[in-house]
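Each chain carries a letter (A, B, C and D) given by its place in the written order, and its residues are counted from 1.
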Amino acid sequence: MSNRVVLAYSGGLDTSVAIPYLAKMTGGEVVAVSLDLGQGGEDMESVRQRALDCGAVESIVIDAKDEFANDYCLPTIKANGMYMKQYPLVSAISRPLIVKHLIEAAQEHGGTHVSHGCTGKGNDQVRFEVGFRALDPSLEIIAPARDYAWTRDKAIAFAEEINLPIEQSTKSPFSIDQNVWGRAIETGFLEDLWNPPTKDLYAYTEDPALGNAPDELIISFESGKPVAIDGRPVTVLEAIEELNRRGGAQGVGRLDMVEDRLVGIKSREIYEAPGAMVLIAAHQALEDVTVERELGRYKRLVDARWSEEVYDGLWFGPLKRSLDAFIDSTQEHVTGDIRIVLHAGKITVNGRRSSHSLYDFNLATYDTGDTFDQTAAKGFVQLHGLSTQIANKRDREA
Amino acid sequence: MSNRVVLAYSGGLDTSVAIPYLAKMTGGEVVAVSLDLGQGGEDMESVRQRALDCGAVESIVIDAKDEFANDYCLPTIKANGMYMKQYPLVSAISRPLIVKHLIEAAQEHGGTHVSHGCTGKGNDQVRFEVGFRALDPSLEIIAPARDYAWTRDKAIAFAEEINLPIEQSTKSPFSIDQNVWGRAIETGFLEDLWNPPTKDLYAYTEDPALGNAPDELIISFESGKPVAIDGRPVTVLEAIEELNRRGGAQGVGRLDMVEDRLVGIKSREIYEAPGAMVLIAAHQALEDVTVERELGRYKRLVDARWSEEVYDGLWFGPLKRSLDAFIDSTQEHVTGDIRIVLHAGKITVNGRRSSHSLYDFNLATYDTGDTFDQTAAKGFVQLHGLSTQIANKRDREA
Amino acid sequence: MSNRVVLAYSGGLDTSVAIPYLAKMTGGEVVAVSLDLGQGGEDMESVRQRALDCGAVESIVIDAKDEFANDYCLPTIKANGMYMKQYPLVSAISRPLIVKHLIEAAQEHGGTHVSHGCTGKGNDQVRFEVGFRALDPSLEIIAPARDYAWTRDKAIAFAEEINLPIEQSTKSPFSIDQNVWGRAIETGFLEDLWNPPTKDLYAYTEDPALGNAPDELIISFESGKPVAIDGRPVTVLEAIEELNRRGGAQGVGRLDMVEDRLVGIKSREIYEAPGAMVLIAAHQALEDVTVERELGRYKRLVDARWSEEVYDGLWFGPLKRSLDAFIDSTQEHVTGDIRIVLHAGKITVNGRRSSHSLYDFNLATYDTGDTFDQTAAKGFVQLHGLSTQIANKRDREA
Amino acid sequence: MSNRVVLAYSGGLDTSVAIPYLAKMTGGEVVAVSLDLGQGGEDMESVRQRALDCGAVESIVIDAKDEFANDYCLPTIKANGMYMKQYPLVSAISRPLIVKHLIEAAQEHGGTHVSHGCTGKGNDQVRFEVGFRALDPSLEIIAPARDYAWTRDKAIAFAEEINLPIEQSTKSPFSIDQNVWGRAIETGFLEDLWNPPTKDLYAYTEDPALGNAPDELIISFESGKPVAIDGRPVTVLEAIEELNRRGGAQGVGRLDMVEDRLVGIKSREIYEAPGAMVLIAAHQALEDVTVERELGRYKRLVDARWSEEVYDGLWFGPLKRSLDAFIDSTQEHVTGDIRIVLHAGKITVNGRRSSHSLYDFNLATYDTGDTFDQTAAKGFVQLHGLSTQIANKRDREA
C-alpha cells in the first residue's frame, strides 16, 4: 500500500508547506482535512482550495460547529470545565474532535499516516497523538514540527525552493488557536511574566474599560444545557455565539495565566472566551441552587479531575468516560433561569429561579412562616462536634 | 459555685438585652466579652460601657485585630480559602477567635457558662459550640435565640419591662456580620432568589459602575504572606485594610451567592470582601508561578477541603490542623511580586515576578535559546497514552 | 385519622414488647413488618404470628432475600464496599431496604408513624430515619429505645405487667444483627479493646485454626456481577450463600475492628462475612485486570466515598446515586474468572482470566515476542520527571 | 574532564558485565556503588571485590540498612503505604536511597555519568532517573539495558569476548529484587495470569499451609514508629527483621497481584513482605484507635496518593514532601500496643491499648456508666439528613 498522509490542515503557512514536505518525506500523497469550529477568519472554501494548490490529493472541509458545541462544549459546561480553576479548555476540547474526523477521513481515504503541525513542547501533540492511537493505532503518526525539527524558517525556505503558491503575509508575532469556544494567544514578549498583555492581542473582546452600558441577560438551562437567552430558544452553538458577541462587547472573558503544561513546564497564556466564561458562570450558579450539598462538594472534585483529564489529552480515556457518567447523573435537575449582568469585564449573577430548586424559602427565611425546627440544632451541633471534642480532650491530656 | 455566664457581646440590641435575660434565666451573673476584629462602627469603649449599663458584672474589650489578621486571615490566604469556590469565610474564621477569647475569659473570671446570640438555623452556632466544647467541655452552653426561642420582639418587650437603658434605633432590615476580612448581609427581600441586591446593602464597596480610573498595584509576598504593597512594607492587617480601601473604591469583592449551610438548607448571601478577594487572587497567581504542577493539583483539593472544614465549624478539629501542615509546607517558595489592576469590580493579574519562580524562560520560549528537548516528547506521549490506547483496543474488541 | 404505627419488627424481645408499648404511647394500632434477608434462625411464620400475639393489627412478612442480594449486595460488590477499608457494610445496606418496605407498608396500610428499635448512639437510627424522611417525610418517627429511654429491663417489666405471651429466653450477652451478607456482634467484654474475641461469638464461620484442607474455587463475573461458581450458574443470592458456606468452613471473613461511628464515637465491632469478603476480593482482583490504571486509581477513591455515604445512612442521598452512576460505568468489562483458595481464614487469589483483560502478554513479557517499544521510555521518564527536576533545582538555588 | 560512570552495582551478572561495557561505550572509567539494604545472600565484601575484578576503578559498599529502615520504611509504615491497596512498595522505596548514595559518590569521585541496569518497560528506570535529575541534573544518565538494548545474551557474549572473570551460574528463571522490606519476583510462567505461583518462588516465607502453631505478639508504637516487640525495645530495622522471621515462619505477607505500571502496562507480580505487612497492619489498627474520624477518612486518601507518588518514582517530588508533612502531623498520638496473631498466612489483630486512645468506654458502652447523651441524637439525625430529605422531595415533585 502506498503512503497516504491525512493531515490536520489549518490553512496557515506551516501546514500548507507541510503538504509537499510530507509528500516528499513519505514518498506518498497528502489528504488535507480542515474543520470549521467557528474559528472565523477566512472562508473554508479558500482553505480547501489552498490545500489542493499546495499539492494535496484530497482536501476535505467539515462544518463541525454544531457537533463541537453539542458534544464538546456542552460537556465542558456541565463539568464547569476549568483547568487550574481558570482556563475553559479552549484548545483542549477541539483536538479530540479533529482527531475523530481525521481518523474517519483516514479510514475512508486509505490513509496510512496521520499528521499534525504541533511542536514537541506543547499539550496539543499529546491530545492529537493519544487520540490517534486510541481510535486507530494502526496509523503511523508524523509530527513534522517535532520529529523533523520543522520550523517556520525552514518552511519558508522550502516553499520558495519548490515555488509553492503561498503568499507569506507579514509574519504575525502571535501564535493563535481559536474556535467558537475561545481564543488562545502566545507571543514572545509575554514570555516575560512581568509584561502585561497589550491591547492588540485581543480579537474576541473589546477593552473592558470602554465604559459601555451594562448588559443584563437571562440564560435558561434544561438539565444543564443552555436552551434560551432572554426567552429566545437557542442551540448550544447559538448560545455560545450570542454570548461571545455580548460578552465580548463588555470585555468579558479575558484570561492571563501561568499554566502547568503536561510536558512539565510552566507557560504564560492569554485567552479570550467570553461565551464560555458566561455560560460556565451561569451554569455553576444554577447548580448552586439545584444540586444538593454533598453532591455539590463531590462534583467540584470531579469537575476539577475532568478538566485535568481533558487538559492532559485523555479525552478518549476510560476515566473521562466514567467522570462523564457521574456528571451527567447530576444534571437532571439543573433546570432554570439565571440573570446575569455583563459589564466592564465582569460577570455578575444577580438572580436565579428554578422549578427544580432545592432552596426552600420557608426553611431559609427569618420572617414569619419559618418552618425550620431549631430545636433539632442543639443535638446536631453536639454530635457533629463530638469527635473533635474527644480529640481535643485527648490532646490536652496527652 | 454560683452561675457566671460569659457572653459573646456585640453591643447590639439582642446581646444587650440578653445580659439581664441570661442573669435572670441562670440566676447568676454575666460577663460580657467584645472583640475588636476591625468591624468598625461604634468605638469599643461605648460597647464596653453599654454592657455594664445593661447589668454585666464585667465587660471586657479585646483588640484582636492583629491576632485575627495573622492567625486567621493569613491561613485563609495560604489556603486560598473559598467555600463553594466563592465565599472567603468572612464569619467562619472570626468565630474560633471569639471562642478562644471567651474560653480564656471564662477560665479567668470563673465562668460556668458560655453564651452566644446565634439562632438555630445558621452556621455560627456550630462554630461557637464546637469550639467551646473543644477548648473547655466543662462549660455549659446557652444559646438564648435558639434554646429559649428568644426573638427580637421578645427582647424589646423584655427591655421595656425591666427599663433597660437601650435606645431602640429604627429597626434595620439588614442582618449584618462584619470584620476586617469582610462583611456579610442577609435581608428579607433577598430571600427571593430572583431579586437582585440593592445599592443600600453595601458599605465596604463603592458601586463598580462609577467609572473610577483603574488602580494598579503590586503586592509582595514572602512564603505566602503579604509583606508589602507598592514596595511599602505592611503587616497582614495593614495589607487587608489598604486593599479594603483601594479595592472597595473600585467596587471589587462583592459576592451574591446561594450557599449550602451545614444545617442542611440553602440560603442566599451577599458579601463584600475587597481586601480578601484581592489578596487571595494575588496569592493564587503567585502559587501558579512557584508551586509545582502535581503539588498545585493536590493543593487545590486540600484548599477546598480546608475551606469546608472551616465553614463547617471544625477549626479546632484534627483534620484542619493536618491540612494546615500540608498547606504550610507548600508556602516556603511562595515569594515574589504580583501586579494587579483593580477596576469596575474586577481584579486582573497582569504581571508576576519571583526569584523562586518555576517558570523557565529557556524551556518555555519559542524563540532562540530554547533548551527544551523536543525529542523526548515523542516517547513521552506514547507511554502517557498507552493505557488509554490498550483500553480503547479492548473496548473495540469486546 | 387514628394513629397507626408501622414497626420494623425483628421477632426479638425488644420489638415484641414494643408492639403494645407503641400502641399505648400513641393511642393507636401497630402494624409489624418483618423482612427475610437471609438472617436464618427462626422461621418467618413464627415471627409473623408472634407479632399478632403481641397485639399487632397486621403482621407482614416479606421474603426480600433476592431483592437484598441484587439491589443492595451487588452494588456493594461493584463498589468493593468497605468502610475504613475493612467493614463490608453488613447492617448499613440492610437498613435502606427495610425502610423501603416499611414505607410501602405504611402507604398501603394507612400508617401515620414509622418506628424502629435502635438506640440513640448507633448508626442504624440514622439509616432508618434519614431513609424514612427521604421517602415519606409526612410519617412521624418513633424510636422508643432512644426517645422514651426504653431499655430491656423496662421492656421485661412492661411485658410482665401486661401479661405479654413472650418467653424471656436466658438473656444473651450478645447484641447481634445478621443477614445473608454478614453478621455483626457486640458484647460487653469486647468493650475493653484489649480483650480478644472468644470462640462462642461466631456463628457463620468455623475456627480458622481447624486445619481443614484448602478449598479452591473459581468465581465468574459478568460486568461486575458474580454469575457462576466452579462453572455452575448462580444468582447473586446463591453466590453469597455458597460462599458463606465454603468460606465459613475455612474460617474466612472474620473481622475485629475499632470503628468510627457517625455519631462521633469509636466502637469495637466483630463481624463475620465470609461470602461478602470472598466476593469483594475476587471482584477487586478482576478489576485489577480489566480496569485501566487511571480509572482504577480514581475508582478506589469513589469506592471509599461510596462506602462512607452508605455507612453514614445516606443511601437515598443524591451523591450516592451519582457515585453509583460512576461505578456502573466502570463495570462493563469486569467480566472473567478468578481462581481463589480459601484456607485457614485466608483468601488467596492465584489466577485470573478474562476476554476483557487489559493485560497484554506481548507488552509485559520479558521473553521473545516482546512488543513494548523501550525507546519510548527514555523520553517518557525525562518529561514525567521534568517538573520535579525544575522544582529541586529551584529549591537548591533558593 | 574524562568520563567517569557511577554505576548502581548489584553484584549480579548484568551489572558486572556492564562495568567493562560502560567503560568501553563511554571511553571512561567506572565506579561501582553497592548498598546493603538487608537483601541478604552474598556478603558485601565479595560484591565489592567482584566489581574491581570486572574493571571498576573504585568499588564502594555502603551499609544503608538502618538508613533504609528509618528514612524509607518508617515513612511507609506511617503512610500505610500500599500501591493499589496491596503492594507495600518494596522496590519503590529502595530506589531513591540508592539514587542518593550514587549522587553522593558521583560528587565525591568526580562522576560525569550515572548508570543503572533497569530495562525500559519497568518502573525502576523512572525511580532512578527522576531521582538522578532531581538531585543532580548535570550528570548524564546511561541505562544500557534500555538505551543499548543490552540483554543477558549480549552480556554473556561480551563477557566471554573479553574473558571477564564471571562464572555464569545456571540461569535462574526468576528475576528478583529484594531488601529487608520485602522481595519481588517475576518469572516467565507467571506471565500467564491463570498460572498459580509455585512453591519454589518463595524465600522469605514458609508455606502457610504447614500448620505451625499460631504466634501471638505485641507491637508497641510511639508516634507511629515501632519501638518494641513483646516488650523488648527494637530499632525499626530490628522490628522489620524480627517480623520477617516470625511472619515468614507463618507464611504471612505473600502477595500475588496484577499491577498497573507507570509505563502504561499491566504486569503480574509476586511479592513476599512479612515484616512490612505485619507492621502496616498493626500501625493501621492503632490509627483506628487514636486518629479522629474525619482525619482518618482524609488520611486514607492521602496515604493512597502518597503510595502512588512513591510508586511513580516521585519520591523527590514536592507533592511527596507535602504529603509527608500531612502524615507526620497525624502521627503524634499514634502511640500504644497492638496484639497480633500470625497464623497460616493470616495477620489477625485482636487487641489494642493506648494512653492516647480516642475510644471512650463510657461513651461506647451499653452497660451501666453510659455517658452518651442520646437525646442529642434525634436532632442530629434530622439535620444530618435534611439536605437528602429536601432533594428527594424535589425529585418526587419534578
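For this structure, a couple of remarks:
The rule we apply is simple: contacts are C-beta pairs under 8 Å (C-beta built on N, C-alpha and C of every residue); 3 or more make two chains touch, one makes a residue touch a chain.
Because the structure is a prediction, the values reported are computed rather than measured.
Fitting subunit B to subunit D on C-alpha positions gives a rotation angle of 180 degrees, to the nearest 5. In terms of C-beta pairs in contact, C-D outnumbers the other of C-D and A-D.
Between the CA-based centres of subunit A and subunit D the separation comes to 40 Å, rounded to the whole angstrom. Computed from the mean C-alpha positions, the centre of subunit C lies at a distance of 32 Å from the centre of subunit D.
Looking at subunit A, residues 260, 263-265, 292-295, 314, 317-318, 357-358, 360, 363, 375-378, 380, 382-385, 387-391 sit in touch with two or more other chains.
Subunit A meets subunit D in the complex at residues 292-295, 333, 355-358, 360, 363, 373, 375-380, 382-384, 387-388, 390-391, 394-395, 398. Against subunit B, in their complex, subunit A makes its touches with residues 84-85, 119-121, 125-126, 129-130, 133-135, 137, 143, 146-147, 149, 175, 186, 188, 191-197, 208-209, 211, 214, 254, 256-260, 262-268, 284-285, 288-289, 293, 296-297, 300-301, 304, 308, 312-314, 316-318, 339, 343-346, 348-353, 357-361, 363-367, 370, 372, 374-378, 380-382, 384-385, 387-389, 391-393.
The part of subunit B that touches subunit D in the complex is made up of residues 260, 263-265, 291-292, 294-295, 298-299, 305, 309, 314, 317-319, 321-326, 328-330, 383-387, 389-390.
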